[in-house]
Each structure stands twice: as C-alpha cells, then as structure tokens.
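Below is one structure, written out as structure tokens; the observations come after it.
Read from first to last, the chains carry the letters A, B, C, D and E; within each, the first residue is number 1.
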C-alpha cells in the first residue's frame, strides 16, 4: 500500500460517504466507521517504513509524499482519534441535521491531516493545511449562531497564519529554488542566522496560531466550546497538534538542531524565547480555565495550557525534553479527547454542560465518571497515567538544565490543573443529584467504546511508558538528539531514574493492605444522598449542592491579574481596523497619482524590510 | 534486607506518626494549662473507630479514602528514612511531589460523593490552600534539586553527610526557614486548618466520615505528619542513617512547629493564600536566586 | 448561565454555633447572599409559664431564661416586682446586688471570650478563659449555693448575706484575673491574626445600630456611649466610679475589644463594691408568698446585662401572679435583625465570628 | 416629661399621657393615631424602638399593644399603648417608622395572632407545625394541651407490656 | 496502664476502645450545655478520659442531651441521633429530659425524652455539676463493660415504637424511616 493510495482512500471515501448518505443514513454511518478503521489499519501497517515518493507535478514543481517515524507517530494519532471520534459521533450526532455534510467534513479533515503529516514538500503541505483549515471552519460553525462567530474568528486567524506561511515558503523558495523539505534541510545550514530566524518566526506565527500558543490563542476557547463534541475531541486532541508537527518540522527538520543552536545564545536564543512563550502559555490559560463555568470552555483553556507543556518540552531542545514534549503530545491527544467525549456524553444525556447546574451525575452515569476521572488524572499528570511520565520528563529536563523558573511555572501550572480538573469532576459528577436529572441514563455503547479505548491507552502508557518512548527515541535520534536509555518502565539515568513499575507495585501493594484493613472493619451501611449531615436538619431539596463559584477565594485573588489581555487587544485591534478602514476609504481619491504614490510607498517598505533581513 | 525495608519503614513511620499525634495533644494540653489525654489516646481512638459501624455514600466514597491512605503509604517507600529508602531509584523528589497528591485527591473524590456542601467547601479550601503552599514548596524543592543537581532524594541526603546540613548552608538557609513556615499548611493544622475548620464548615471533608473512614483519614494524617517533617529532615537536616537520630530530628522540628501553631487562630482562606504567597515564597525565591547565582 | 445558590444550614448541631440556634445561609461561592435566622429551638414559653406561677415561684423560672448570665434576669424581675409592690431595698442589698451583677458580667464575658476565641481557632486563650471563669463560679457557689442558677435576688433584697471572708476571696480572684490580662492580651487581643480576622468584619454604622435597636457592645463598638448603668443608675451603680468603654470601628474587632475593656471596668467596680460595702440588713420582709397579691399596675424596668439592655415589661392585674410579662432581651434584636443584616455579603468563614461578636445568646431570643 | 405630654396632647387631641414613676411615661393613643404618635416621637429624638409588647385583656375582649420607645441620650422611656379588638385582630405595621419593628410584630403574630398589615414577613418564628390557637392568648389552656399532646404518648414500658400481651 | 487494664485491652479491645474514646456530639440542646464547656476545658479537662467534642454526628458516639428538649429541638436530636455511628450512647443530662422538670407544663417542651429516642443513662439535677458529668460517664463505662449500654440496639429493634411516637408528635417526618418498620404499627 502506498501513501498515495491511503490519501486517495481517505479523500475518496469521504466523498463516497457523502453520496451514500443521500441513499441511506445507516449505510453512511457504517461506511464512515469502516473507512476510518481501514485508514487506521493501513497507517498501523506503515510502522517502521521510511521513504519518499513524488506523486504529482504541479506547475513544474515536484510534489512528493514522505513517511518516516515522526510522521507515522502523528499519523497513527490522527487515524486513532479519527476513528474513535467517528464512532462517538454515531449516537452523539443522531437526529441532527446536515449529517452527510458533517461526516464529509470530519473525514476530509482527517484525510487532510494525514496529508499534512505525509507531505514531503512545502506546497502539498500548504494545500492540505488549507483544506484542513477550511474544513475545520465549516465544522466549528456547524451549529450556527455563536458557533459561526467562533468559526469566523478561527478562519480569520488561520488566514493570517497561512499568509505568514506563504511568505516563509516563497522566501525559502527564493533562496533555494525548491519546495522539497528534505532538499531545503540539506542546504539550509549555510544560511545566515538572521535569515533562519526570520523564516522561523514566520513559521512560528503559522504554527503558533494553529497550536494556540499565547498570544495567538484567542480563536481556540470559542471554537472548542462551540464545535460538536466529537469534533472538539479531534480539534483539541490532534488538530491543534498539527501546529506542533509544524514546529518540529520547521525547527528540527528544516533548520536542524545544529543551526538552531546558533540562533542567539543564552536567554536571547530562539528556543529559549519559545520556551518562555510556552511557559506563559502554561501559566495564564491554566488560571483562566479555573474561572470558566462551561465544562468545554474549561477544557478548551486547558488545551492551550497543555500545549504549553508540549512546546516547552520541544523548545528546550534536549533529548529528554524533546521526548517529554512528544510524549505529552500523544498523551494530550488521548486524555483531552477522552475528556471531551465524556463531557459530550454528559451533555448528550443531560442537555447541558454548565458546571453550575449539574451535579451528582455519578449516581446515574458511573461509567462516564470513571472515564472522566481517568482523563482528569491523566490531565493532572497523576502517577500511573501517561501524563505523569511526560510531565516528569519535562520537569527533569528543566531542573537539570538549570531552568528552575520554567520548571516552577510548569509545576505550578500542574497544581492549577488539579484545581480545574477537580472542579469538572466535582461539579458534574459529585454532590447532590438535582431533581431534574433523576431520570438520566448511562451513555450508549458507541460512546462508551471510544472512551474505553482511550482510557486503556492512558493507563497502559502510564504504567509501561517504554512503548511510546521507544518510538519517540527513534524519532529523536533521527533528528540528531542523543539517544535515551529507555526501558519499558521508564528511563534510567544517573541524576534520578524513573521506574513506573516500582510506583505501580508500591501503590498496588499498599492499596491491597489498606483494602484488607478496610474490609476487616464492620461493613458500613449504604445510605441515600439525603441522609446527610445538615446540622440536625433535613437536607433541603435541590438546594444543598455547592457548585457555583467553586474556588471563590482564589477567584478573588487572581481575578485582577488573570484576564485574557490578548483577546481584549485583538478585539481593540479589530475595532481600530474598522475605524482605520473608514478612514482609509477617504484615501481612494480616484486620482491615478495618489495610487501610484501608494504603490511606491509599499515597495519602499518592502525594500526596507528586505534590507533589514540582510543587515540582521 | 531490601525486602524487609518495604515492611519496616511504613510500620516505623506509622508508629512515629501516631506517637507524634499523641504527643501533640499532650503538649497542647499543657499549653492550655490542663493535664491532657494519655499518649496512647490516638491508638484508643483508632481501635474505637475501627469497631464502629458507619455509613457509606457509594463506591467512590470507599475507594477515595483507601486511595488516599494507600498513596500515602506508598509515598513512605520513596522517602529516605534512617538509612532506608526502598524505592530510591524510581523518580526521586519529583515523584514524591506527585504522590503527595494521592491523599488530597483521594479524600476529595471520596468526600465529593458524600454529597455535602460542607465537604465541597472544605475540599475547595483544601485545594486552594495547596495552591497556596505549593508555590513556596515547589520553589524550595527546586532550590534543593538545583543546588545538589539531582532529583533523587537519596542523593540529596548523601550530599549532606558529615554535617553539611543544607539548613546551615548559605543558599539553602532561607528555603529551610520557608519550609518550617509552610509545615502547618501542608499538614492542615492551625493556623492553616481552614480546610477542616470544624467551627466553620463542620470539619469539611470529614463531615460524612465516621468509623473506619475517619480511622483511615486519621492514619493518613499521622503518616503525613511524619512525611512532611521527614522530607524536611532529609532535605535540610541531612537525614540520618540511624533511625533513632532521624526520629530525634523529626521530634525537634515537630515541637518547634507545634509551638508556633499553639498561639495562632485560623486564617481566612484568602489571607492564608496571600500569606503563603508572600513570606515563604519570597524566602524560597531568594534562596533559589542565590542557588542560581552561585 | 444559571447560577445555583446553596442553602447551607449553620446550626443547631454545629461546632460553630454556641447555643441552640439555626441560621440558614443562602450561599454562592463562599459569599453569603442572605441569611435567615431560625430561632425557637429553646422556646419554652416563659412568659406564658409565668402567668401560671405566683410572684415568688417565678424566681427560679426567670433565671433560666439566660443560662450564661442569669443574674440580670433575676435582677430585672426582682426590680419589677419591687416597683409594682412598692418595696424599698436596703442599702447593703443594693451593694451586694451590684457586686453579683458585676461578677456575673465578668463570668459572662469570660464565657464569651471562650466562645469567640474557640470559634476563631484560638484554642489556648479559649481554654484559659473557661478555666478562669470556673474560679468565679466557685465564688458564686460559696455565695449562693449554685454554680449557674443562683436565685439569689429576692424581692426586697438578696437571699442571704455574704459569707465570712468572701470579700478576700473575691479580691484574690480579681487580682489573679488582672494578672492574667497580659497573657490574654499577648495571645489574643493583641494578636495580629485576631486583628486580621476581626477588623472590618460585621461592620455596622452607628445610625444603623441605633435604628435597628442595638444596645450594649453593638452601640459601644460604634462609639456611642450608652449604658443603662450610667443612664439610669440602679442598685448601687450611682455610687460607683467607672467609665463606659467605647470604640469607633463598629466591627467585630471593636466589639470584642469593648468586651475586654468592660472586664477591666468590672474588676474596678467589684473592688469599689467591696470597699464601699455598707453594713445593715440584706432583705426586706415580704408577705406570705401564697397570699401575696400585688396591686394592679404596670412597669418597665431595665438593667445593663453583659450584652446590652435587658428589660422587663410586667403587668399585674391585682392578682397573686403576673398577668403578663414581656422580656426585652438584647439578643432578640441582635440575633434576629442585626445578625441577618450583617451576614449579608459576609464570608462563610465569618458566620460564627459575627454572631459571637454580636454576643447572641440563643435562649434569650427564644425565651 | 410633662412638657412632652403637653406637646403630644397639643398635636394629637385624643392621646393621653401619664407618668409611671421615674423616667417612665405612658402614652395612650387610639388605634388610628398610634403610628402618627410614634412618627412624631421618632422625629423628636426617640430613635430606638426597644420592643413591642402585647397584652391579652380577654375580659375586655381587647389586645393591648405597647410600643416601647426610648432615646439614646435621656433616660426617658416611653410606652405608647393602644387597644385593638381581639377578634380578627389586625393592625398596621410600624416598619416604615422603625426598621426593626418587623421582628416584634412577627413574634406577636405568632404568639397572639395579631395580623400586621404591610409586614412582609410574618412566618412562624418559634413554633413548628403549630395547629392550636396562638399559645399566648389567655384562652389557650396550656396544661390541657400538655396532657393531650405529651402525656398521651405511651412509655416504653407500656409498649413492651402491650406487645407481650 | 495497670495490668488489669492491659488484660482487658487484649481481651476486649472493642469495648475498651469505646469506653476510653467517647466522642461527644456538639449539640447545645438546652441550658445544660453551660456546664459542658467547663468540663471540656482546662479546669475539668475531660480529654483526660478521651472525651472530646466533634463536629458532626457521623464521627461521634456519645450524645449528651443537655437539658429540656423542645419539639423543634427534638426533631434535630432524632436526626442527629440517627446519623451517629454505632455503637452510640446517649446520656440525658439534667432533670428536664427525665420528666419535664420545671417545664412540666410548657406547651413546647417534651416531657419524657426516652419515649422518642433510647437513653442509656440519666444525670439528674438542675444544673448537674461537672463532677456529676464525670460520674455519669463512669457509670456509662460500667454499663459498656457489662454490655448494658444497648440503647442503639433497642432503637433498632423497637424502631416502630420510637418512630410511631415521633410521628405522633410531629405529624409527618421529612425523612424516610432509618430501619424498615414492622407491619401494622405505623398507623398512629
């Protein structure tokens, strides 16, 4: 099976599904699931393959597809999440309108993501990138109303990103007259640091927007909360990671470690700046997430913060940090998708995801609770989940790299994460069950199944982190990092090793001991929720649940400091642009002379910029 | 030998923790100008609690409290203690930092199913407080790890052998003091007992606990007294290869902490967080800067 | 977004509740939106019970209206009966009454100090205060035979004269308490954390305090010099030289400090009592209680209890039992009106703090 | 004191004032002018409503409402009294004049059954599930009630004896 | 700890634990509570015997019903008592819960507490002195030793009687029965 065939199946299947939907919705559903499963199987079979093939000649440029371990890792994540979210969609989307369109877009976005990771040159990368962006836009605004506004916000920022990408791409072409990534990479080491930096900055804008790196994140909270839940899982789980892929490609494939290390030194180096940006991305969104009342908005802000960890690991640029960042990308894909699906299941059953009005759902949806719990534990980075290992790697890198302040931000962000993760768990599942949710049922099988798979991944990679770490180590080595001493249970090292098996068995044994003690004591009486301490009174119905303003004291402390300054800035900017446009209308005088003058001015600016690059 | 440590160190920790609990009640009584309970009182309480028949609110109510104690017991195995550290090569201080999460998270989950707003408020306060004390605590741990350039607790202890105690070294003096300031917050005792403030929210997370649940929570508290102080002894007082010396060091630190908390009332939540983000954090930060500068 | 309000029930079975009272708090986050005090857990219908008992039988009854400080209640009832029946009280009885009033005030303030400190979590001064109060109860026991309910005041005076050597014991106690004051100051009143917990909490303006019917510490904490002992001296207070301590803040901190200063004044009044104590008989004989009828009439008498103005409106229809008695207790207004007002917008951590700084004692509300 | 009585009599024709010993003044006013009197008193320095008492004069089939008002500076204490009919007793509320009047009225409403018009909160204060006539009325026989309610409940010994036989 | 005690501890740890660790519900039912703070604080120091006040009924095993009980309080007492962990002990404190005491004719206080909840021991007097509380507690110890403090078992076994009496007084109760009622008893 070749890469071209895969993409043909992926895109063709998507359109076939759309057409089949006109005939029979059931067949459409089956085909969509089958298609994603087939893609998953094919991608899985690609494991270990490397190679590049040209598939098309476009205006004289050779467009090529390429596979290596790096793209395989991303592709398998795409394919897994794609199939799971499609299965999840089956019951979640049931009864909604324009379903053919929904499935078409889902499958096309998946296919385009596969296209991105398998692209061997900048042009096909760009084409797939645009398909993905527009498909995402259509899916985000699927629900219309506020969703349309969120989608517009997304696509405007996406276009800005694409423009930056095009600038970078053409600039590279101008220098090396090829679009092929591998060709550019082999020649770029001779370029001046200033030029490299400018290209990197341009690409960083593109990928930073997709990756929702502060200060380019503002599209994400709206988009995540407005999109349909299965797509939110894809969006947060893998789609924004295309930005991560872009960062890896531009930093370590295009430019390469060696050239990268020459870009400035100490605090003023490129990757240190990126790391600081990542630290800000961890810190601020974590606390904004804490203050949200909509479950999906909490998760959306949390996605931004977690992306911060990924970029932090990758930006630091040691083999341990790179491994941590890459592993965290996988982990984030698993637990954030799981969380979005679980919230989706709750929303599907109760009709709301408002953290203030839910409560006590654990009595009705214990399975969904367990899944949310596992997802939340992974998010926190609880020992025995995969999030722990990746965060441990990142922390260790930072501490031993003498960056304790970045480490502090990362660790502190984790404690913020605990707060909002528990808030989600508590406000949805814990506490008293309100009257109106007495009739809620457990999620259907097609929702349970993807959640189970994801939770198994979380636990498995948490106890045996060696499985993904070995793959990541291969990638790292291929990119020129030092090889790590990876075992199946973690990492051996002189400065503090990690052994998850030890942790697992210690906790298991002490669990058994405590459980035996617990069992030896008299059995306790199971009581209803209204048999509860209320200072001697009977529990008032429906008014005995603490959810609103869950962390009120913290809110009061942080509220003056934690505001989305960036969003406010962009909004002000948008307002200013509108005024500016009103003003510029007056420039269209209709006289040829003035237009000529504008063009001259513009050229002058361009020339100055060009000169500026050279001087730098 | 190694295998025996797995059994001995939790049991010793339990004995020391329970002894410290009894001792603290006794010392507090003397400060109150009264006689105080027998030293064995915590054990008597535990015996009684385990014999009681109480109520449960659901499976997570049980699992949470078991998880919290299990995590704490597992944590003991990672802490160098009198020459023993059964799981020394399994992640070091970073893992300790994370396994310390088991106890509050387990209690929070268990209490959450208890479906009582007092519990929820208590948990919310507990997490807020932990957000408060983790700032100085992380800074302190980072200062220690950066100074000794290792994340392994055993190596930190080794580096302080032959009386090169970190508390009396220039860079780590301030973090050491900061740690003493945050010990009551980490243990949730006065003046930082706002999570379980009985006069405000009816003992918060414990409100629905009785019998064995309370007993497990008490044991967990005994362990965490030991762990918190043992970490201090390991990081700043050079640990000890001898259990008796180690115990003496723990005792001294504990009594100093006790005298502080005898005369202070409870903070309000915001005041506690502001205090913790102010003095201990500034001290720890100063220590970290000095460590980096050297 | 729908905001969910929580109804948090504070009391009666609650460590933060001193007395048997229930407050249901409407909470969002940790802020109280509104509070509703739910009294009645101690309602025995005293005023109704009094209508079924004759004038003397009511003495053991009325003192139980306030368990913490029974003296002012006895006093006010005795004064009301005396005023209706036109009985003159001997001078020495006035002094003894003054003395026992002040002892009772001291004991009540120490209880309040215990309650207030233990709610804030000051275990140490709480334990000390309660321990010190017990020595005062010993003195009460020697004087009256009971620790709590003394039934010492009678119409026409007090039940019995001071036992021998009582003055010395009282003086020794007063010196001991005054000697403890620095300890209390350093651990409690001058503790920085006490200031942080109490200042600005439960703030009420002087106008509101008057308009809502506040008395005692509530007024004096707002800087209003209002004290029945000065305004309308009863017993032997006219002969005593003392000051009315006031503070300007109007918050819990000021009210608690006023309580402390009042204790200092009480000690001084007690010392003056012992100094100036005249000799003579301690009670005026009254008729056979079963045949005692009091002429038709009505009266309102008031004393300054530890918590503020304690009044009794007593109506006689010429029979051998009261026709109607109505107590004006300080906690009634403090607990039902001012407390509800001050709890609005307060933090849930401060419920007990505000309640006890207002000196709310549940049985006084319920009667 | 006499001056005040004179003043009051000058403004409100049907009021009557009488001194009751030192510092006590009883002002009797008919139902219609009580609130006006209170309003006037408040304006002339009697800021504080201490309490409202209610006396059940069953023989005359009247309730007597006594408003205790006092000033902060002078020791003078005024009792403003009025009589209202006992059957279906209603009276306008004094909340507009004295903010704390509501709670006293709530108490009287529960214990005597006087309906205060305009008082928004007349919920039961002390009693729960009270089904009898208001307990402080003179025609409520307390001892009879106690016998019926509490003494009729069997003791544990009686119950066991019943069970065995 | 002398040898006798040690043997007892080894033989019957449950009983000994329950004896020496009486945790009291903090419920100021009525005026009797004014003698409880002195007992708990430095003059009398009940913590010597393991008696401490605790916050919620779930944690407690000793219920001191201090003084007269009004109907409103009785409801709270029953609720609190039912929420306590077993084994649990109640002590009626003062004259009023025994037979109404001086409120024998009050319309709002119940006269015999043991008609509504089981009471293991009584301390008479108004007020009982702190010493009396200690005597009461030692009596309770003796009862625990001999296995006589079985109020909670009596409550469970005769729940229909107690619940019936409670419902007679309150009309209907908000919360469902704690134990299942036996047949044909819940009609009063």
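Definition applied: contacts are C-beta pairs under 8 Å (C-beta built on N, C-alpha and C of every residue); 3 or more make two chains touch, one makes a residue touch a chain.
Please read all numbers here as calculations on a predicted model, not as lab measurements.
Enquirer: Please report the smallest number of touch steps linking subunit C to subunit D.
Expert: 1
Enquirer: So if I look at the partners of subunit A and the partners of subunit B, which chains show up in both lists?
Expert: Touching subunit A and subunit B alike, sorted by label: C, E.
Enquirer: Quick one: how many steps at least from subunit D to subunit E, stepping chain to touching chain?
Expert: Graph distance in the chain contact network comes out at 1.
Enquirer: If you average the Cα atoms of each chain, whose average lands nearest the overall Cα average?
Expert: B
Enquirer: Chain pair with the most contact pairs?
Expert: Highest contact count belongs to chains A-B.
Enquirer: Most remote chain relative to subunit D, going by C-alpha centroids?
Expert: A
Enquirer: Which chain has its C-alpha centre farthest away from the C-alpha centre of subunit E?
Expert: The chain lying farthest from subunit E is A.
Enquirer: Determine the centre-to-centre distance between subunit A and subunit E, using the mean Cα coordinates as centres, and give it in whole Å.
Expert: 59
Enquirer: Quick one: subunit B and subunit C, Cα centre-to-centre, how many Å?
Expert: Each chain's C-alpha centroid was found; their separation is 43 Å.
Enquirer: How many Å are there between the centre of subunit A and the centre of subunit D, using C-alpha atoms for each centre?
Expert: Once rounded, the distance between the two centres reads 70 Å.
Enquirer: Could you list which residues of subunit B touch at least two other chains?
Expert: 32-34, 50-55, 117-118, 121, 124, 198, 202-203, 207-208, 211, 268-269
Enquirer: Considering subunit E alone, which of its residues make contact with at least two other chains?
Expert: Each of 27, 41-43, 54-58, 72, 75-76, 80, 83, 105-108 in subunit E touches at least two other chains.
Enquirer: Any chance you could list the residues of subunit D touching two or more other chains?
Expert: Residue numbers touching two or more other chains: 126-128, 135, 142-143.
Enquirer: Could you list each pair of chains that touch one another?
Expert: Contact pairs between chains: A-B, A-C, A-E, B-C, B-E, C-D, C-E, D-E.
Enquirer: Touching subunit B in the complex: which residues of subunit A?
Expert: These residues of subunit A touch subunit B: 360, 362-363, 366, 369, 373, 380-383, 388, 392, 395-396, 399-400, 402, 404-405, 407-408, 411-412, 415-416, 418-419, 422, 425-426, 429-433, 490, 495-499, 502-503, 506-507, 509-511, 513-515, 517-518, 520-527, 529, 531-535, 544-547, 550-554, 556-557.
Enquirer: Name, in rising order, each residue of subunit E that touches subunit A in their complex.
Expert: Touch residues, subunit E against subunit A: 27, 56-58, 75-77, 79-80, 83, 174-176.
Enquirer: Hey, which residues of subunit C end up touching subunit A in the complex?
Expert: 1-14, 17, 22, 27-31
Enquirer: In their shared complex, at which residues does subunit C touch subunit E?
Expert: Touching subunit E: residues 12-15, 17-20, 22, 40-45, 48-49, 52, 60-61, 64, 67-68, 111, 114, 126-128, 130-131, 133-135, 137, 146-149, 362-363 of subunit C.
Enquirer: Considering the complex alone, what residue numbers of subunit E touch subunit D?
Expert: The touching residues are 71-72, 75, 100, 104-108, 110-112, 114-115, 158, 161, 165, 168-171.
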